[in-house]
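Once you scroll down, you'll see the structures, which are given as structure tokens.
Each of the next two complexes has subunit A plus one more chain, namely subunit B in the first and subunit C in the second.
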Partner chain A sequence: MKLFSKKNKLRLAEGNLLVIVIILMVILSFATKNFFTVNNLRNLVRQTSVNGIIALGMTFVIISGGIDLSVGSIVGVASIVIAKLLVGGMPIFPAIIIALVVCGALGAVNGFIIQYGKVPPFIATLGMMQAARGIVMLLSNARMIAGLPKAFTGFAQLVFAGFPSLFFVWFLVIIVTFILTTKTIFGRNIFAYGSNIEAARLSGINTAAVTLSVYTLSGILSGLAGILMTSRLGNGIPTAGQGYEMDAIASAVVGGASLSGGSGTIIGTVLGALLISLIQNGGNLLGINAFILQIIVGVLIVASVWYDQIRKTTKS
Partner chain B sequence: METRPFLEMKGISKQFPGVKALNKVDLAVYPGEVHALVGENGAGKSTIIKIIMGVYQRDEGTISLNGEEIHVTNVIEADKLGLAAVYQDLTLAPDLSIGENFFMGQFPRKKNGMIDWNHVYEKTADTLKALNVDVNPRLRITELSPAMQEMVAIAKTVHKKSKLVIFDEPTALLSNEEVDILFGIIKKLKASGVSVVYISHRLEEIFTICDNVTVLKDGQHVKTLPVKDTNESQLISFMVGRSLSDMYNIEHYPKGDELLRVEDLNRGKILKDISFNVRRGEIFGLFGLVGSGRTEVVRAIYGADAIDSGTVYLNGQKEIIKHPSQAIALGIGLLPEDRKHQGLALSQTINHNINLASYKAISKFNFVLGKKERERSTESVKRLRVKTPSIHQLVGNLSGGNQQKVIIAKWLCCESKLFIFDEPTVGIDVGAKQEIYKLIEELTREGHAVILISSYLPEVMGLADRIGVLHEGSMSHIVEREQFSEETLLRYASGL
Partner chain C sequence: MKKLGKKVLCVMLLVTIVATGLFAQGTTETAGGPKGEKPYEIAVIIKATDSDFWQYLLVGALNYEFEHPDLVNVTTYGPPSESDIDQQVAILENVISTNPDAIVIASTSSDASVPALEQAYDKGIKIITVDNKVNTPKVNSFLATDNTLGGSLGAEKMVEYLKANNISTAGKKIAVVSAMAGVQVLTDRDNGFISRIKQLIPGIELIPTRYVDNDIIKALSTTEDLITTYGSDLIGIFADNNHSADGVSRAVAEQSLSNKIIVTAYDSDPEEVAAIKSGAIKAIMVQDPYGMGYKGVDSAVQAIEGATLPEYVDTGVVIVEKSNVNDPAAQGILDPFTMKKY
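Then we have the complex of A and B:
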């Protein structure tokens, strides 16, 4: 099996996750009437795509040893900016570009503060989380922006070859980020940077460029997620993305990324995002109390890291 | 000497997955005895310590203190029994003061229930003074030099009245004067009846300070004997079956053109008008006491620290180096002092670390050519004889010597011309040291230039062609190989 060949070996954590995801899907298919229906699966994929894309940006930041708490607020920025531009009559394509540039710039500001101000990532992005949400509220007067063109809101409802359009966007991001992390110098440098920043610098790696690019990338991907979410919901929503930073961090961590930096994989994060969505979606279908589901997700996050630690200590 | 040992270990065995780390090892340490434990890395020294300190549990055998069998399951219990260890990686709380570290967990209280800080700092100052450690007890650990931190860690064991103190490579970070202070402390411990276990790769220290020595090899007990009945080369032959004489015996090759010239390097009060040159095929030694600016000189050349003034010429060409990447592009490779924190990405693979500085050469449009990457690693691992099952092994799992080889491989992949070795053999066993020396010899044979920094005189004297001696940031003397003598070098290093 190619996936398990020496060259492209799935890590143990990923292998286990894949098995858990599949088992959960099989169980849900039998246990509920509605899980294995076209409608539910499409809905599941649409929901996961948005979180999944943010989590991929977060994975870069976490591999670099940082954290980005501002992604949820940046989703909100994207939602309001694109809605304003479209309602103002701008064509869709340039509006998307502008929204992405704005979100990328906010991410770059994070990177700049962390690199040149030596502010810990947690603090820098916590500040950005507050400030960006404030910008959203100012721009929108804390009101929903309605009246988006059909061509834009229709996109999220499109289905190609049985899959919802958002899935293809997510899939594209997965491919690009997978190649970035595993095949490029940039990817190698992020891992080295996250593992030991001083060794990376003394090996000639431009550490400032790495800091700026991971946070910019995280901003752009959050922006993309915000745009897709706006298309799906049909309105510009000022509270969009609230709390999403936690889902994104959880997906990456459950997928095997370590907050101490230097480890994490794209496939792991994708599976982590899927698992969290499955628990929520399946739980709803089984009629499990939503608060209990929240507890389950909490336990899952801690348990997966705990398990990872046990594995590491018994190995060494 | 008393007849009953304080610590007695009998028939200790420990099995790890795949390795028998210890096989029926005996060790007895008497009160007031300084007992040396020697052996190559992997011989089982650190396993023994960890078993004494309760970090690992023995599979077989008995351990007794004063004739009473004990089962220590963690470090806190060991502490309560009066067992203490001073490791290379220090165990002080960095953001607390010296006094707080000494009294941690047992602060004296005043009548009103508040901590009696005066008592804390007075007591701490007394202990430090009695040991000739000259430092203010209110300073935080992070404000101290690494050498001073170690002194403080040792003083803490005295403060806690430990009955057995284990020193693991205590002199690795210390200058000669500080080693004298350390030995003074050990003598005081000894005089007050404390048992000391002393581990060091520097064998001559064992003859200065220890009473008896136990040699381990591959987890087996080889011999225990009084140090006065043995000598360095005999110990080495017990350890590895090699003799000492050829330790530093490397070939010195004819020198080529000048590769590096440094003129009037200045950086604040740290570096003052440093000038020297290095030729192809030459090993230029840099010697000085801790804090003399040895490391700072090479970091300045390498672009790791900013300088105030000074000029660097490579192949006669004036170069301005502001970032390590420029130094690397010009063919300079640095093996930093602290390989774990500055030299290696420990949580990454050998494959990644070897190629870290030279991905440009094995990529197309920034895409890494994975096959070339692996080929290069495999080749380097073979050439430098890195002991590892695979190039996908994490560097953190390798021994010190093999880690150092990975860094050398990294610079070989960059086609570096000038190799800067900053304390290349700290904490590395005898066998690996020799291999590193051979590699340095090989580099000079191929016409590369080497700058070798070492605080260990026999090493720098044994290897270098010339030695620049630093004292408080100035390089007052450059000594030719024919003029090398320990006395001269030490005098220059002390500013005399």
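Then we have the complex of A and C:
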């Protein structure tokens, strides 16, 4: 009986994904002489961390039965806001806090519109995607912002104990979000809300709080990703994050999150993000045609959901 | 309450429909063609408002207006991003219905804008295309950079710096990191580079071109992967626009390979200029978008006044490297905002 509980099913999905990731890594280690090197593995985690962080925020939204298309534009907002503040002479720490607050507020606006305006999440965040990008262009005059302090741009280059600093930030976010989803009432409420809104409401869950917090969280994490990216690139970039919503959604979905809500895990999303980076990285190392890689990623997204559906129907 | 809402909606809808009808009527009534009186109405349409390059073009066009206030009245338009081809066509159609004397357009697509442009040309509106060639003879002039030539200059500079750094080319490899597949100007640059580099270093192996969706992070990751894969065999990278160059130069600088991997690139932005100064990029081929805007409006004026214009005008590229990056002439090319007069 317990084997068929929802939790166990999800663990199974993660297990499968982990096996795929490991197999791919083993194949790449043999197929290329450079895959299994410290340098490349370091590159791999660094390349994954920006999308990895956004995808974790997206996972909360998807578990709650929603979607957030505005994450890419919010990455851009973070990049321009922090660059403007730092170039304006503000110390690093308060500048980071302000950028995160701005991004969190944009996320909260998403949540507010969805909760109180009863606007479907797809539409509300589609609007935010446009509006936030407009804010970015307005603030920056569509121009790159240069002249960031070395102390800020140096952070993304740091390596601690053999791991790049971006990985540590990502890892920290993984731990926090993992605890949030598995060990807290807030986490349980999101799953309940995503599975059945009416039932959640009747059982006394504050649905407004759930909606507002998942979108705010998604905004804050996108902002964090944007700040890290700005540190990495050394400039505030108005086009930063364009199209990133697709990678984030793909990571969560490949990781077993269901767009109908109620299911998804942090570990699954982490593995999903890793798998997508791995295909890109491996493809580059093997010298596979870029267009073929794109086809592979597309097929992977559909195949993983299809497989999930088959597994679900045969179980029940 | 609900019923009332519905009624209000119905009325609003009706008003909108009627208003659209009236407005449409209005435009057909004035559809006689351009007036041809001073100041000439000139519409400038760019590919995208989200990039420095197109903003520079507007500076050129608006400076011309500032210098000749009695001669021209410049209005500028553009979709938010270069992928919005259909939106640019819609803008073009709207502009044509206002009957300007001339249109200066950087058309994103070589084909999508053809029907509208032909219709405008037949109405007597002068058409000056800039940057991207449009597949119709019904234009008055075409001003652009010779991108194939620019790409080949990138190859020549790369060879020059390979020699200066004593890098042997025997059995080594060179990569091209392109911003996007299927864009004519980028393809021209890449092909110009590739064919020239093959002439200059006959035995060189070119790694298949990598495409990075005009995303700096992707350009950075791709370059890291190239460096990982080919190691010391990789001696040169050509990046065909500013975003691809930003990512490439950052990867090269992060691994302190500036003098082992020679990077030459196209376009300019603050990050590329910083990379020129640090040595991560050796030379950039900078186009003159300011000149395209300024000369574009000037050509439009000449066309309106009946002059016959050359079919094609090369607006040229300027090579910027460490030795000339601080010259005032290069400054104007690198940051046309310094020339802004209005």
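Some notes on this structure:
Here is the rule we use: the second predicted complex is superposed on the first by the 306 of 316 C-alpha atoms of A that agree within 3 Å, B and C clash if a C-alpha of one lies under 4 Å from a C-alpha of the other, contacts with A are read in each partner's own complex, and residues count from 1 in each chain.
Rule of thumb we're sticking to: a contact is a pair of C-beta atoms (placed from the backbone, for glycine too) under 8 Å apart; a residue touches a chain by one contact, two chains touch by 3 or more.
Quick caveat: nothing in here was measured; it's all calculated off a predicted structure.
Aligning the shared subunit A places subunit B and subunit C next to each other free of steric conflict. In the superposed pair of complexes, A:280 makes contact with subunit C only, with no contact to subunit B.
Legend: residue contacts after superposition of the two complexes on their common chain; A:192 is shown touching subunit B, with no touch to subunit C. Legend: residue contacts after superposition of the two complexes on their common chain; A:237 is shown touching subunit C, with no touch to subunit B.
When the shared chain is aligned, subunit B comes close enough to touch A:262, but subunit C does not.
Touch criterion met: A:202 reaches subunit B, while subunit C stays clear of it.
Of the two partner chains, subunit C is the only one touched by A:290; subunit B is not. In the superposed model, more residues of subunit A are touched by C than by the other of subunit B and subunit C.
Judged by the touch definition given at the top, the superposed model places A:50 against subunit C, while subunit B stays out of reach. After superposing the two complexes on their shared chain, the closest approach between C-alpha atoms of subunit B and subunit C is 13 Å. In the three-chain superposition model, subunit A touches subunit B and subunit C at no common residue.
On the side of subunit A, the complex with subunit C involves touching residues 32, 34, 37, 39-40, 43, 47, 50, 133-134, 137, 141-144, 146-147, 157, 229, 232-235, 237-240, 242-243, 280-281, 284-285, 287, 289-291. Chain contact summary for the complex, subunit B toward subunit A: residues 302, 304, 323-325, 327-329, 334, 336, 341-348, 352, 355-357, 359-360, 363, 366-368, 370, 397, 410.
Against subunit A, the residues of subunit C that register as touching in their complex are 49-52, 55, 80-81, 181, 207-211, 213-217, 220-222, 224-226, 228-229, 231, 243, 246, 250, 254, 269-271, 274. On the subunit A side of its complex with subunit B, the touching residues are 7, 183-189, 191-192, 195-196, 198-206, 262-263, 316.
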